[in-house]
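Common to both upcoming complexes is chain A, partnered first by chain B, then by chain C.
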Partner chain A sequence: MKTFKLGGIHPPESKLTAGMPIVALELPRRVEILLSQHIGAPALACVAVGDKVVRGQMIASPAGFISAPVHASISGTVKAITTVNLPSGYTAPAIVIEADDEQHRADEIARKAQIEADAKPADRSISEDFSRDTIRRLVSEAGIVGLGGATFPATVKLSTKEGAEPELLLINACECEPYLTCDDALMRAYASNIMEGIELMMKASGVRRAVIGIERNKPEAIAALRNVLDPTWPIEICPLKTKYPQGGEKQLVEAVIGRRIPSGALPASVGVIVNNVATAFAVYAAVCRGRALTDRVITVTGDVPNRGNYLVAVGTSIKEILGEIPDDCKVILGGPMMGRTAATIDTPVTKGTSGLLVLSTPYRREEQACIRCAGCVQACPMGLEPYLLSTYGRLRMWDEARQALVADCIECGSCSYTCPSSKPLLDYIRIAKSTVMAQIRAEKSQK
Partner chain B sequence: MIFSPSPHIHTGRTVTSAMTHVIIALLPATLCACWYFGLPAFEIIAISIISCVLSEWLISRFILGRQRPEIPSLTAASLTGLLLALNLPSSLPWWTAVLGSVFAVGVTKMAFGGLGRNIFNPAIAGRVFLLISFPALMTSWPLPGSGFCASPDGHTGATILGRLKTGDLSGDMLSYTDMLLGNMGGSLGEVGAIAIIIGFIYLLATRIITWHIPVSIIATVAVFDALVGAPVGINLLSGGLLLGAVFMATDYVTSPMTHRGMIIYGVFIGIITVVIRNWGAYPEGMSFAILLGNAITPLINIYVKPRRFAARKEVAA
Partner chain C sequence: MDAELILITIGILCGTGLLGAVLLFFVARRFHVDEDPRIDRIAALLPGANCGGCGLKGCRDLATTCVQRGNLTGINCPVGGTPVMKKIAEIIGVCAEEANPMVAVLRCNGTCQARPKRSEYDGAHSCAVMNSVAVGTRGCSYGCLGCGDCADVCPFDAIAMDESTGLPVVDPEKCTSCGKCVATCPRHLLELRYKGKRDRRVWVACSSRDKGAVARKICTNACIGCGKCVRTCPFEAIDLKDNLAYIDFEKCRACGKCLDACPTGAIHSTLPPRKQPTESVQQ
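Take a look at the complex of A and B:
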């Protein structure tokens, strides 16, 4: 069974919501839609307060090449263009829309019809005549970003140079984070549409071959994909041994094709583009169904009563989804290994929100002396020495940290997870890494 | 709402649990020692553990001024006590064991800053301290009795390695069965190869240690001994080799951090052991070899780096 070679851990999978179908949450009465839902320049609002908007209408346009438009996820009136809370505790500009009753009901009915239509096998004839440029334009207009969490605008990755196309499109279906099951649920329900999305992506990028990398702890999803896979298609399913952080871009590329991306380089340097499986589904919806990215599937899991995989409108308040959460809990956006805790749940779901995990027993224990057990060194998937990097970070020894390759750290958290002394290794490594990265950027801009 | 950086889950493994696993892994060897050497063995073990834990607690309470006893350090101290006892002959007077414990914990560990900061393995340093200070007491080995209540006044004699050294091969040589089961003279814990191997398997199964250090030491000794024509079987199964390779050289604090480093360290210890056993003044070289290995560990950590994910091009962010 294929996997990456260096380090890695196998935390309890805790996929509490595995096997649960995707349930569409009712469209909210009020949404806060952030202008910056992606990596790159924030979108520019193109509606004004008081404007009537309909679901799927573009309300902010991209500001540059690395940017993405933003669409209304409910129909109604623009109430404000203001700053709203981010989970981090900071604030950011957003467009606030309040629903308009009549239109709201119509949207709800249309959405149900869409979901039913999606459940049928994809109609492959719709997209057959679409050219490379058409697909790219549709993907771009739909505001699709990488849905694995990095939220990199999808068109940028698909815009390959003619004649210099990468050889492989790698679909990331690992979902290696414990607890999360949204990609799993999506694959079980919409395997055929995902395949169609993958074909569209191949067409748009000019890549001839695609491989779906998926961990073998999702047998139903694997079976569903196999079931719809036509052997004549240049798409391959590659089951991988369950190991964290296999969904990391570098680890996944190594696991599937055995090539290692050099440090500081992109997957294109080894002839690969990597896209999340949920992104493939979004591409299908955009191109074949003309839908903008206004909804996404998220996993609600952990110590909450209403666990499940939900289809949620972007901009829905997290508070509305979770209800009241006791003060001694952690609410994590994403998985337990790399997800970020929310300082407030009075904040909207974004395109990059893959899960809401509530943990009532935070692990952080009292820190003990390092006993040099080398557990962190053995766990590090990048072949670094976390104990050393962490010490450099703590002692503010930036040059030494840089020499010890702190910039290669992917912040997967395997070291902190493993440490028997409960040392917050990654916390200090992050400090060192961000300082060193700032140094590197400063040097580059001087040149 | 609790706000903290990722990751948000943890293995649950702690320093205390790791130390406890090692103590559990030592149980077969401990029982073996009590079986063959009787009550004196039990006394030495109890005295060593108690004096190590007491030294640790007194020093951290009255010299370092820590109000609360720290459970991980105390567990580590009791492990040190047990390991030290298993490296002593059962005929040793009780005060010698106390002295060894105070040296092991007080000088080797606490003087360097306590748990995790020592350069040398405390138990080994304690044993070597006693060996150099009281050579006669430390090299008189009771022959094992049979059954739990073996006579404390039983015969003493040289170990098989001692006899090899002096060329005294008269009388019965030990059979491999005796060596495997531990029916021979020696320190408490070094008799009974099978008991130690059971402990080794337990440590591997619980992932407390990896195979790199023990296997590289044992393989090096076997190959080197075969090359110089020394009896490989006897060298592997007798003396402190197995105990040292499995339990002492693998001490987290004093061994290297990378797998390649561990192999270099193991090979180094193996070579030094064979050199001392064959050409040195002592019949037994494991302790000295491990201390020398500890001494080069920082050097190994500086020069032997883990295999990196990718060869580094100049940083392109």
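Take a look at the complex of A and C:
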């Protein structure tokens, strides 16, 4: 069984919601849709207060190549263009839409029809009608971003140069984060649509071969994919040995094809593009069904009664999804390893929200002195020295941190997880990394 | 045999030593670098903390720069202050400029009472980390985070964290206005301001650019941008921008009228406590 070689850890999987079907959560009456839900320039609002919008209508247009449009996730009236809370407690501009009863009912009926249509196996003849440029345009117009969490605009990855196409499209279906099962649920429910999405992505990027990298702790999803896979297609399923952080693109490329991406380079440098499996489904929905990215599947898990995999509208309040939870709970957006703790849950779901993890006994253990066990060095999947980078970060020694390749850190948190002294290694490494990355960007722009 | 061996050893050692000495003597002669002796004298006067407060790379760099330029325009050692600059001026034979001594002040007064805790934080004990992941436990996106990065970097031990308020306190006696804390604070809450005549200075101890109602909700000591101080100031030293008042220390004469005008107590000063004439009349 394949996996990546360097470092890695085995945290308890805790996939409490594995095997649960996707439940469509009732559309909210009020959504707050952030203008910046992707990496790159924030979108520019193209509706005004008081405008009537319908579900799927573009309400903010992209501001540049590395940017993505934003769409209304419910029909209704634009109530305000204002600032709303981010999970960190800072604020960011957003469009607030409210629906009346009639609009709400109509949306619910339309969405039900969509879900029923998706449940049927995909019609494979549809994708043949689309040219490379059409697919790219549709993906771009649908506002699709990488749904694994990095939220990088999908068109940018698909826009390969003609004649210099990568040789392999790698579909990331690892879901190596403990607790999260949203991709798993998606694959079990919509395997044939995902295959269709992969085919469209291959066509858009001119890649001839695709491999789905999936950890073997999801046997049902693997079986579902195998079931719909025709042996004549150039798509392969590659089950991987479960190890965190296999879903990191550098680790995944190494695990599947055994090539290591050089420091500071993108997967394209070894002829690979990596996309998440949920992104493939979104591409299918955008191209074959003409649907913008307004809903996504999230996992609600941890110490809450209403655990499960839910289809929610982008912009739904997290408070509304979770319902009543005790005050002293910690809510993490994303998985426990790479997710960020929410300082406030009065904040909307974005395209990049993959899960809501509620922990009732959440707090970290007290920090103790480093015992030089080098556990973090062994765990680091990038072959770095976390104890050293963390010290550089704490002492603000940016030049030294840069020399020790802090920019290669993927912020997976394996070091902090491993540390027997509970040192917040990654917290300090992040500070050093962001400072060094800013330095590198400044140098590049000077040139 | 033994005596002979010892003598030979001593001989070889002495010979090698002598040869080395002669060689070094000529090398030193040949590659001698003329350095202005004044640089050493100035460097000896400087505090030697290498804090970088002058904007140069360290004390030695300041000494070299002074001598090379031949004047002291734009050069000031904030740590040594006027006495040291005067001595340096004597050495290079110019007049020292009188520099206004400065001190770091905190532009936040969100004490534990004014800003109750809103969320928990259990990450690394560092303002820089806390600022990057969240708004802070007290809900203000502009105010002090209270982890004491400024106190950690201060080379003169002039900043201490006050546990009752959760805010850093600058000791004006120890502060040399080197500016390390100013550069470190991720929220830019520390500012170097004139120490003022007879140590009297007035400043707005808040940096919140939130609208009045929002700021007030988060912190009862916040500047709400009402503009009362702007209207009161007889010297037009106060400016209101983005819901936040700022006192220009070049213009401020520390009359203290704004202190009485401020409805939230966001303006702080080192003025002695004033008598309340209205109260005495009522009595």
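Criterion: the second predicted complex is superposed on the first by the 446 of 447 C-alpha atoms of A that agree within 3 Å, B and C clash if a C-alpha of one lies under 4 Å from a C-alpha of the other, contacts with A are read in each partner's own complex, and residues count from 1 in each chain.
Heads up, the rule we're going with is that a residue touches a chain if its C-beta (ideal position, glycine included) is under 8 Å from a C-beta of that chain, and two chains touch if they have at least 3 such contacts.
Values in this document were obtained by computation on a predicted structure and should not be read as measured data.
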Message = Just checking: does A:421 make contact with chain B only, chain C only, both, or neither of them? Give me first, second, both or neither.
response = first
Ask   = Where does A:82 make contact in the superposed view: on chain B (first), on chain C (second), on both, or on neither?
value = neither
Query = After superposition on the shared chain, which partner residues are touched by A:90: those of chain B (first), chain C (second), both, or neither?
reply = second
Key: First, second, both or neither for A:178, with chain B first and chain C second   = first
Query = Touch check for A:403: first (chain B), second (chain C), both, or neither?
reply = neither
Ask   = Looking at the overlay, does A:131 come into contact with chain B only (first), chain C only (second), both, or neither?
value = neither
Ask   = Of the two partner chains, chain B (first) and chain C (second), which one does A:413 touch, if any: first, second, both, or neither?
value = first
Inquiry  = Quick one: is A:430 in contact with chain B, with chain C, with both, or with neither? Answer first, second, both or neither.
reply    = both
Query = Who does A:343 touch here: chain B (first), chain C (second), both, or neither?
reply = both
Chain touching more of chain A, residue-wise (chain B, chain C) = B
Request  = Show which residues of chain A both chain B and chain C reach, each in its own complex.
outcome  = 89, 328, 330, 340-341, 343-344, 362-364, 424, 427, 430
Inquiry  = Which residues of chain A touch chain C once you look at their complex with the stated criterion?
reply    = 88-91, 328, 330, 340-341, 343-344, 362-364, 367, 394, 396, 424, 427-428, 430-431, 434
Ask   = Taking the complex as given, what residues does chain A use to touch chain B?
value = 6, 9, 11-12, 89, 178, 250, 260-265, 325, 327-332, 336-345, 357, 359, 362-365, 368-374, 377-378, 380-385, 387, 405, 407-408, 411, 413, 416-422, 424, 426-427, 430, 437, 440-441, 444
Touching residues on chain B, where the partner in the complex is chain A = 1-15, 17-18, 70, 72-73, 76, 114-117, 210, 252-259, 305-313, 315-317
Inquiry  = If we count contacts the way the header does, which residues on chain C are in touch with chain A in the complex?
reply    = 118-126, 128-129, 132-136, 139, 141, 153, 184
